[in-house]
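Some structures to go through are shown next.
Consider the two complexes below, in which chain A is the common component and chain B and chain C are the respective partners.
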Partner chain A sequence: MSSRSATVGPFNRTWGAYAFLAPALLILFLSLLLPAIATIGMSFTDISFLRPTNWVGLDNYFRLMADGRFQQAIGNTIYYTLGVTFPTMALGLLAAVALNRKFPFRIVFRTIFYLPVLTSLIAAAVVWVYLYEPYSGPVNGLFVSLGLGPQPWLSSPNLAMTALIIMAVWRDFGTAMIIYLAGLQDIPEEIYEAARLDGASKFSILWRITVPMLASVTFYLMIILIVQSFQVFGAIYVMTGGGPLGSTETIVFQMYQTAFGYTEFGYSAAMSTVLFFVILLFSLVGTKIMRRGEA
Partner chain B sequence: MAELELSGVSKTYGAFNALKDVSLEIGDGEFAVFVGPSGCGKSTLLRLIAGLDPVSEGQIAIGGKDVTSSQAGQRPIAMVFQNYALYPHMSVYDNIAFPLQMERRSKDEIRAEVARAAQIVQLSTRLQDKPSKLSGGQRQRVAIARAIVRKPGIFLMDEPLSNLDAALRMEMRSELTQLHRRLGSTMVYVTHDQLEAMTMADRIVVLNGGRVEQVGPPMELYHNPANLFVAGFIGSPPMNFLAGTVRSVDGATVSVDALRIGVVTLPFSGEHLYAGDSVTLGVRPEALELGAGRQVQFSVVPEAVERLGLHTIVHAGEEGRPFTALFNGDPKLRAGEAINVSVDRSSVQVFDADGISRSRRTEV
Partner chain C sequence: MSVVASQSTPARTDERSFSLSRFIPLGERIVGYGLLLFAAFATMAPFLWMVSTSLKADAEVFQFPPSFVPQGLEWQNYLDVIYLPDSGRQLVNSLVFALGSTISNLVFCSLAGYALARMQFRGKTIVFALVVGLLMVPAQSQIVPVFLIVQKIPFAGGNDWLGNSGTGLLNTYWGMILPTAATPFGIFLMRQFFTRIPIEYEESARLDGAKSFTIFWRILLPLARPAMAVLGVLSFQSAWNEFIWPLILTNSRDMATLQIGLQLLQSGPDARWNVVMAMATLITMPIIIVFLFAQRFVIDGAVTSGVKG
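Showing the complex of A and B:
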């Protein structure tokens, strides 16, 4: 073995660590960093693979700012994100609190609630298209049996986004439940016992003890749900194709259409870059707030 | 303030009997300490009194009122936990105020009560801090203040000093004793540390295997232990036990042939001992004297000598049976060199084959 002296430089001491990290770093660079850099680069061009590519500077970004369709997509994305994130968290929390208690078959319930997360998105979307079917779909069947009229779930510009949100909440609340369950198990039983002795009701314990003590979990969940909702594509592609009348066209769906429908890869790359920085900003702010909360 | 009465209280978990037929009365304003080894049921008993777990059998009454089926929050008690159980997301103020907020008291009233409790536990300057900013001792004070504001009939304390270091434990021990004197409340305190029990209790309840072994003031338990378990548990270093056989019984004295000390005649209660019975003699390490100045004399060979300045502890175990002597000061003793020791007859306890004390009772 070679002896180590105080004069050895840092790299000489740490090259072994870099060597072990190199394969993983190389894969990350090729699969994540390189495409990201390439996308940012493409956003300054009019690349379409059908004609010669020109450098256009910030033109794509100026065009985005004036693009009414893009602004509608932003609005739709925000509506979808808010619609999915908060109900998912609320339902996930309620399910977690209920299933954190000891009662028979609770593992069965946990599994049932988590199953949607494990199903294939496309298969689930196809099933939901059937559920929302206006004439023979079970959802309208239920509505009719309750005395409410049948609704054109996926074909009405007013309802299509809500229908997508319901499906997303069904699919995602299992994730929220599992994360909240992990958070709940970190709260010592003694804290609940102290609250019971202090005369707190079940609701007070939930509102004054459980919810605040899950704040960092809630924040983490909120960030991942927001980021995930910003990137929604699969369900829209299968269920509505962005319609009717662009009412379910979100940023990622529009990016896809712009790139692969209209072959405007440069313009689509600019959309992608904007979305990338918005998500990055959310993640950074979220992480910072979470760290401050932990301190 | 309130008295506590337990009648035939039992607790079972499946086939396991954690507590068996515990009956006990703790007087108004009394400081009672439940003491015993791990798993003896002392914390379980406290949780039953608190209402955190339901009793399997028996009744619990506080202030003359049956609370056996009352919810924890409805009982006139407050509890201090070993791990403090503070609400980490709340400030010290909110932690202390929480029970009052649950009672929907007015803000002014809450402010006054919190200030009073914080002053008692000397935390008035830390009210806006989160518990994570406080030391272990300060956190335990917050927990005590949270208990004080409820003005409970009974304070329940579940090993509240176990997480503190030795110096702080000593300080808090004295603070809790003063607090008890100041508030005059009934306190039920659980500990596995017999030193805490001896120094703080008006009365000690010794538990073992889910049963009450003995109840009494600290010095009563020290001088007149009811059985071998209490004799071995109360006192530090623990009592020495020497196996022996009864040679003869004569009225109020019994002649015993015992290991190490040979044949010795001792005073006893006058009942339940007969010639030929197996007995155990108990000698407290601190009852032994160097030299032959007392009535019962024998010699031991120290295998280790621990000098603590105020005391010297001599370990002189033989064939796996421990034997300890504690002498005042710093006598010149060396491991391996035999020494003569002696003890008064009245300081030697006699236990029958079932471990029950047959000694004559000493007035305490």
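Showing the complex of A and C:
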């Protein structure tokens, strides 16, 4: 960074630079910036492409506030997000601490824990639908052989969300592990040496040194997982379709249905705007933390 | 990127591990290995069931409790997937989509990353702030406007210059690739990499009178191979696994990707679990194989060049 020459170039050099930037900026404009602006604009209309569009002011937002289904979707999304985020981080941390020393087959274990991350969401979801299958699925097979009764998993309003959460934790903890492994490398070895000389137990070393030293990584990871979980769609689409009885309907799933099922694009845009600002808030906080960690 | 980051300081890990292993008694090591093996087995179990079921005969699939080891090897399930009427078409679509997205990311992100790292121009700070800001926009919550924008691209798919009266880029490869063709993350990654290359490489070429594009193409791009490998692998993986854009931006059977095909097969009226699992296995394996090979390559590249993300 410091090696850059300080003078701002002449006019034609500016044009040259924009020629390099133009294609990428055009794509970002079309795929991110314009949509973000358009979503907010559309949320004040009743646009549906079936009849003339009217400006409806804040009507969509008033409707959202009174919409019991949307409130259920928010509740479901928060439940899902909390259920995924914290177990994922805990398992990721455990795996990272276990793998942060050299022993035979370390790389094999790391690769195995990372495999679910590489699997496509749809393949993973389809496989888990089979695992949860009530009459011939392996999960119920395991339950029966352990002397527990078979469960209806994805077709029970009480269990479906939990089943989705378990699958998501399985898929995501490898990401947490990799990020924690990177964080662990940055903790100076001297601190551990000192603690060991003082006779600290392994558990207190983990709890009093490793965990606090990873605080900024943990917070950053938490934000990533929250932002990602808030946008859950594919797994729901494949595994439950929002059912049973709306128990797994999340915000993005409802957005998709409202827009492409009921062609209420304006109302869907209002949902999207609410989601957008919630996620943006989390991202901004996360970025702040990440910056502080780098400094 | 974190995959890379975790690997970039192997020497230090080694030193630490040596000092640690002296402190760990044998019994504890055995328990530790036991726990790790159990965790590894639990993580692998869904994959193992997927492969096991994909090799079972129709009747065996419905046995309860299901057996982990299939009685025979029913390779016919894999042939059934390959001979599905749409699977060839879906493979082509997935490959075109994933390769198109990868190539456009490599080209556009490296050009933009170079400009942001090495060129001096008016508005640079603003453009860079914009790219970083867009990193935070949640792409999946923009499904509605992206659908509309792809539909309204002027002069495409029967559209007039205002983007009306036609279908735009819906149901085309261009439309599917567009939302993934360049990402703020890719630009950021390339910019970080170019910033680290010593300026001397460029200055000597500039003294010889080389133009910006020549310097980029002849000098910096060859040096950026490790970063391009990382970006390429990640772009390919995310496009190959993508579901929401192909789902929304196409609605004809002819344009379905393998991911959509798998979803259709599983939710179809005559779905057979063994055939569904065979297709899931076929879709998953290429990415895992690419990763197993690329892991080493990506990591080596990262270690020698010091990329950290």
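The working rule: the second predicted complex is superposed on the first by the 261 of 295 C-alpha atoms of A that agree within 3 Å, B and C clash if a C-alpha of one lies under 4 Å from a C-alpha of the other, contacts with A are read in each partner's own complex, and residues count from 1 in each chain.
Operating definition for what follows: contacts are C-beta pairs under 8 Å (C-beta built on N, C-alpha and C of every residue); 3 or more make two chains touch, one makes a residue touch a chain.
Quantities reported herein were computed from a predicted structural model and do not represent experimental measurements.
Colleague: Just to be sure I read the superposition right, which of the two partners does A:E193 touch: chain B = first, chain C = second, or both, or neither?
Modeller: both
Colleague: Have a look and say if chain B or chain C is in touch with more residues of chain A.
Modeller: The partner making contact with more of chain A's residues is C.
Colleague: Considering only the touch criterion stated at the top, classify A:M213 as touching first (chain B), second (chain C), both, or neither.
Modeller: first
Colleague: Which partner chains sit in contact with A:L58 here, chain B, chain C, both or neither? Use first/second/both/neither.
Modeller: A:L58 sits against neither chain B nor chain C.
Colleague: Classify the contacts of A:Q185 with the two partner chains as first (chain B alone), second (chain C alone), both, or neither.
Modeller: A:Q185: touches chain C, not chain B.
Colleague: Could you look at A:L148 and tell me whether it touches chain B, chain C, both or neither (first, second, both, neither)?
Modeller: neither
Colleague: With both complexes superposed on chain A, which partner does A:S204 reach: first (chain B), second (chain C), both or neither?
Modeller: The first partner, chain B, only.
Colleague: After lining up the shared chain so the two structures overlap, which partner does A:R101 touch, if you call chain B first and chain C second: first, second, both or neither?
Modeller: Touch status of A:R101: second partner only.
Colleague: Which chain A residues come up in both lists, the one for chain B and the one for chain C?
Modeller: On chain A, the residues that contact chain B in one structure and chain C in the other are 193, 196.
Colleague: Which positions of chain A touch chain C when the two form their complex?
Modeller: Counting only chain A, the residues touching chain C are 1, 3-5, 7-9, 13-14, 16-18, 20-21, 23-25, 27-28, 30-36, 38-39, 42, 95, 98, 100-103, 109, 111-116, 118-124, 126-131, 133, 135-138, 140-142, 144-145, 170, 175, 178-179, 181-182, 185, 189, 192-193, 196, 227, 230-231, 233-234, 237-238, 252, 255-256, 259-260, 265, 268-269, 272, 275-276, 279-280, 283-284, 287.
Colleague: Looking at the complex, which residues from chain A come into contact with chain B?
Modeller: Chain A residues touching chain B: 188, 190-191, 193-201, 204, 208-209, 212-213, 215.
Colleague: Show me the residue ranges of chain B that touch chain A in the complex, using the header's touch definition.
Modeller: Going through chain B, the ones touching chain A are 50-52, 71-74, 77-79, 81, 83, 85-90, 98-99, 102-103, 146, 150.
Colleague: Can you check the complex and tell me which residues of chain C touch chain A?
Modeller: Result: residues 2-3, 5-6, 9, 12-21, 23, 29, 32, 35-36, 39-40, 43-47, 49-50, 53, 61-66, 68, 104, 107-109, 111-112, 114-116, 118-124, 127, 130-131, 134-149, 178-182, 184, 187, 195, 198-199, 212, 216, 237, 240-241, 243-244, 247-248, 259, 262-263, 266-267, 273, 276-277, 280, 283-284, 287-288, 291-292, 295 of chain C touch chain A.
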